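As written, the chain order gives the labels A, B and C, with residue 1 at the start of each chain.
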Amino acid sequence: MCNCEILIPKLGIITDIRDETPDVKTFSVTAPDGGVVFPHMPGQCAMLSIPGVGEAMFSITSSPTNTAFMEYSIKKAGVLTDWLHRAETGQQITVRGPYGNAFPVEGDLKGKDLLFIAGGIGLAPLRSVINYVRANRKNYGKVDIVYGARSADDLVFRKEIESEWDGIDDVNVHLTIDRAQAGWSGNVGFVPAFVKDLGFTKGRTTLVCGPPIMIKFVLAALDEIGFDETKIYTTMELRMKCGIGKCGRCNIGSKYVCKDGPVFRCDELAALPDEY
Amino acid sequence: MLKLSLSRMEELFSRINGERTLYAPIQIGEQTQFTPWVPDAAVQMNRLSTVKSPKDYFFPHIEDIAAFRVQGKEIEILDVRTEAAPFAVFGVRACDAESLNLLDRIFLDDPIDTFYESKRKSGLIITTACFEPEETCFCGVFGIDALSPGGDIATWIVDDTLYWNALTEKGEALTEAVKDLFEETDDMAVKAAQEKAQTVFDKLPFRDLNLDGLTGEVLMKKFNSPEWANLNPSCLSCGTCTFICPTCHCYDIQDFDTGKGIQRFKCWDSCMCSDFTLMAHGNPRTSQLERFRQRYMHKLIYFPDNNDGAYACVGCGRCVQKCPISMNIVKVIKALGVENDV
Amino acid sequence: MRQKAHELLSSGAVGAVLAWEKGELPYDTSPAVFRDAEALDKMVYNGFCGSNLSKYLIEQGKQDEKVLVFLKPCDTYSLNQLLSENRVAREKLHIIGIGCKGKLDVEKLRTQGIKGITGIEENETLKIQTLYGDHELPREDVLLEKCLSCKGKDHKVYDELIGEDLSADTEQGDKYAKVAELEGQTPAERFAFWRGELSKCIRCNACRNTCPSCTCLKCVFDNAHSGVAAKVNATEFEENMFHIIRAFHVAGRCSDCGECSRVCPQGIPIHLLNRKFIKDISGFYGEFQAGETAELNSPLLCYDLEDAEPNIISKREGDN
């Protein structure tokens, strides 16, 4: 559970800002005296804030194996994210967390063949797991990553994917973009169809994240192929304020995304109202 | 059990107030509200439900949680927490006392909300039995006995006498401090009054409100019930029901620029608000029907599902009295409950 | 009324009926949309149908169907105002004007110490049964605040009338009496009065949401980008500001339907702010009643060569 006084944040410093896509930047954040602000597990989230601007929940993109700094990949979408996109390195921010559960990297994922499926900024929460798996490579089986975005320019972590992930240590990445464009020789098409085309075997343990509509179609595609929904994990995002299951706004049925999630197994999600 | 003549209440209030801040239901204009007691205040014991419940003293409508000084790229985080000063609330009804036990399930669950916890520790609840329930009362449906209320000290007003019984250690301590005002007595008078009042409780219009069938097991069925479309259209989507409800606990966190710095506070929020679940990239509840459904699903299905079957309602009847268009939880229970299995 | 509703609903002339539904207690009627002729058994019209159904027509008007709505005389002013602002399409409405003898306020029974209400018989004298014995009260002692300055028996817009002859002759009380009293106070006294009232505000937004003149798609107080969005009043200033902005925004458009004060859980006399505007507008530009017709003719929206000069306020003698 959270290792800070609830609701009262800690201080962080933005030490590096990288442009991922035209509207996504990755921010490196350290504690004032260096290192991570707090330890976390892959899939967990943190509340970032600029006082007077806003506070919002973000997935921690970096792997827990990185103890030098934390990373957050943030899409410009609202008041706080607009502000952060204009920030410079050296900017202090407030951080509280970690919140929520994590992908079961030390539990059900261990020893399994893994399939990661992501769309757009949805790769951000999975990146934490992917890099954790890579750092503990012998603990896991085959790793395939299917990742799609609107265009080649909208693929996040592209450099990392190409230079550190794809084809290394039995990790294979399959990229796709929505529409053909000059200079793109990879697959063109939506993620759900691409997943079907790639012909993965049913035994895979799957982690899915992306826009809600993509998740819904991917789950339908996996169901069609005959994947077992108790082996599919996804991570949810709803408006949050407290992060600890008390403020009452991020519920799906009787589950709170901030506390009982954000990671849900698909069979758990199927038993809940479709209100996300 | 102890007793005190009602003519000496002012003395009792004054003594309690000397030891800790005392709040009581006080008539202001035509309304009765819990407010700080002052000498000669019009303490109103006839009107059962105050407009706002005493949850305000434990979970305030607005409460600072932190402050910040921002200069250039630098942020200074200021801890503004203060130890809550001891206080007592007199005249709390059984329903409202029980509502705090429900709030405990949320705020004292791990991780503990220390803001709430400190007030819960320093606050003392003096309850009063309801001998004359209103037609809107239905606490009995939730197993609450308005004639034997909980809290730290329970009191009963029979004729011109106040009967007083400490229920907790905290209550004992306060009792010790004011004991010289009281006389020892038996509980015969209270028992007789309870028996007499029970006949009124047996006649309350909502005494038979049936909660059977409202459990987490039928979550999806109730969520998809066609009844919501019939119940919702009258709702103005105001926050009256949520703000006067003793068990509603949803809150927002906001920043306020004081001109000298940023004050971060938490404040009551309402699931009836259109921006309650609004995110930069969309809103999972865009219609009023979904928001209306959320409130009652939370109280009648989700909360019990997470809390050993306990409903997030204590039958205080405030929403029955105050909803501008009289669409209240009783009507929802009747529409969705076992009597109407949809 | 029920027969008429049944007729129009069954024949398909209207797709929905907007009326009141009986509740669980003698007084807790709710506005309701009936689509099923069978369900009309639950329809009711009594002294506790004080709520103004006009506002619901904005939401209802989004449906692709004609709706039958029952309006009391005073409710028709609100509807005219909505029609004048094109918030509701006239051709989608079938309006039945219904008689009214003044509506009742159960809070007034409670403040008189009457509780445990189990039955109410409505006549000139109200007979009230309670768990603790019976009471009798003159009806006029229990009227809603808004009914104390009734606008009269005439419906300003309707397709047909039912029971209009049953309307009581109502006495037009001096609706400006309290406003004039406040005007007579010193600024400090007046400020103290309003601070006392507005400090009770819990920002539930009931006054705004029920108001047939509050029709913005997104209220400035709900808009995260407005800079004034707020869930609570963080300061006294914000407490005042919400009510001042609200009153200003309905100035010249408010028909004085009194719903704001009726719905306020804290009993704040919100309508007095509106009436101050109505009194001033009528003083500056000649007697004006919003919603008298469905024309857009508010003096604050229409310029006339005869209009008072803008500096009229600073010139006004004796005003502070």
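Quick note on the criterion: a contact is a pair of C-beta atoms (placed from the backbone, for glycine too) under 8 Å apart; a residue touches a chain by one contact, two chains touch by 3 or more.
Only a predicted model underlies this, so the values are computations on that prediction, with no experimental measurement involved.
Each chain gets a centre from its C-alpha atoms; the one nearest the centre of all protein C-alpha atoms is B. Among the other chains, the CA centroid farthest from that of chain C is the one of A.
Chain A and chain B, compared by their mean Cα positions, are separated by 39 Å. Averaging C-alpha coordinates per chain places the centre of chain B 30 Å away from that of chain C. Distance between chain A and chain C, defined via averaged C-alpha coordinates, is recorded as 50 Å. The multi-chain contact residues of chain C, meaning those touching 2 or more other chains, are 224. Residue positions of chain B with contacts to 2 or more other chains are 252, 269, 278.
In chain A, 79 are the positions where the chain touches two or more neighbouring chains simultaneously. Chain B contributes residues 29-31, 33, 46-48, 51-52, 61-62, 132-136, 200, 203-206, 230, 233-234, 236-240, 242-244, 252, 254, 256, 263, 265, 267-270, 273-275, 278, 320-322, 324-328, 330-331, 334 to its touches with chain C in the complex. For chain B in complex with chain A, the touching residues are 65-66, 68, 70, 73-75, 77, 79, 81, 106-107, 109-115, 216, 219-220, 223-224, 249-253, 255, 257, 262, 264, 266, 269, 271, 276-282, 284-285, 290, 294, 297-298, 301-303, 305-306. Residues 1-2, 5-11, 50-55, 77-79, 81, 88, 90-94, 212, 237-239, 241-242, 244-251, 253-254, 271-273, 275-276 of chain A are the ones touching chain B in the complex.
By the touch criterion stated above, chain C contacts chain B in their complex at residues 21, 23-25, 27-33, 51, 56, 59, 106-107, 110-111, 113, 115-118, 130-132, 200, 202-206, 208-210, 222, 224, 229-235, 262-263, 265-267.
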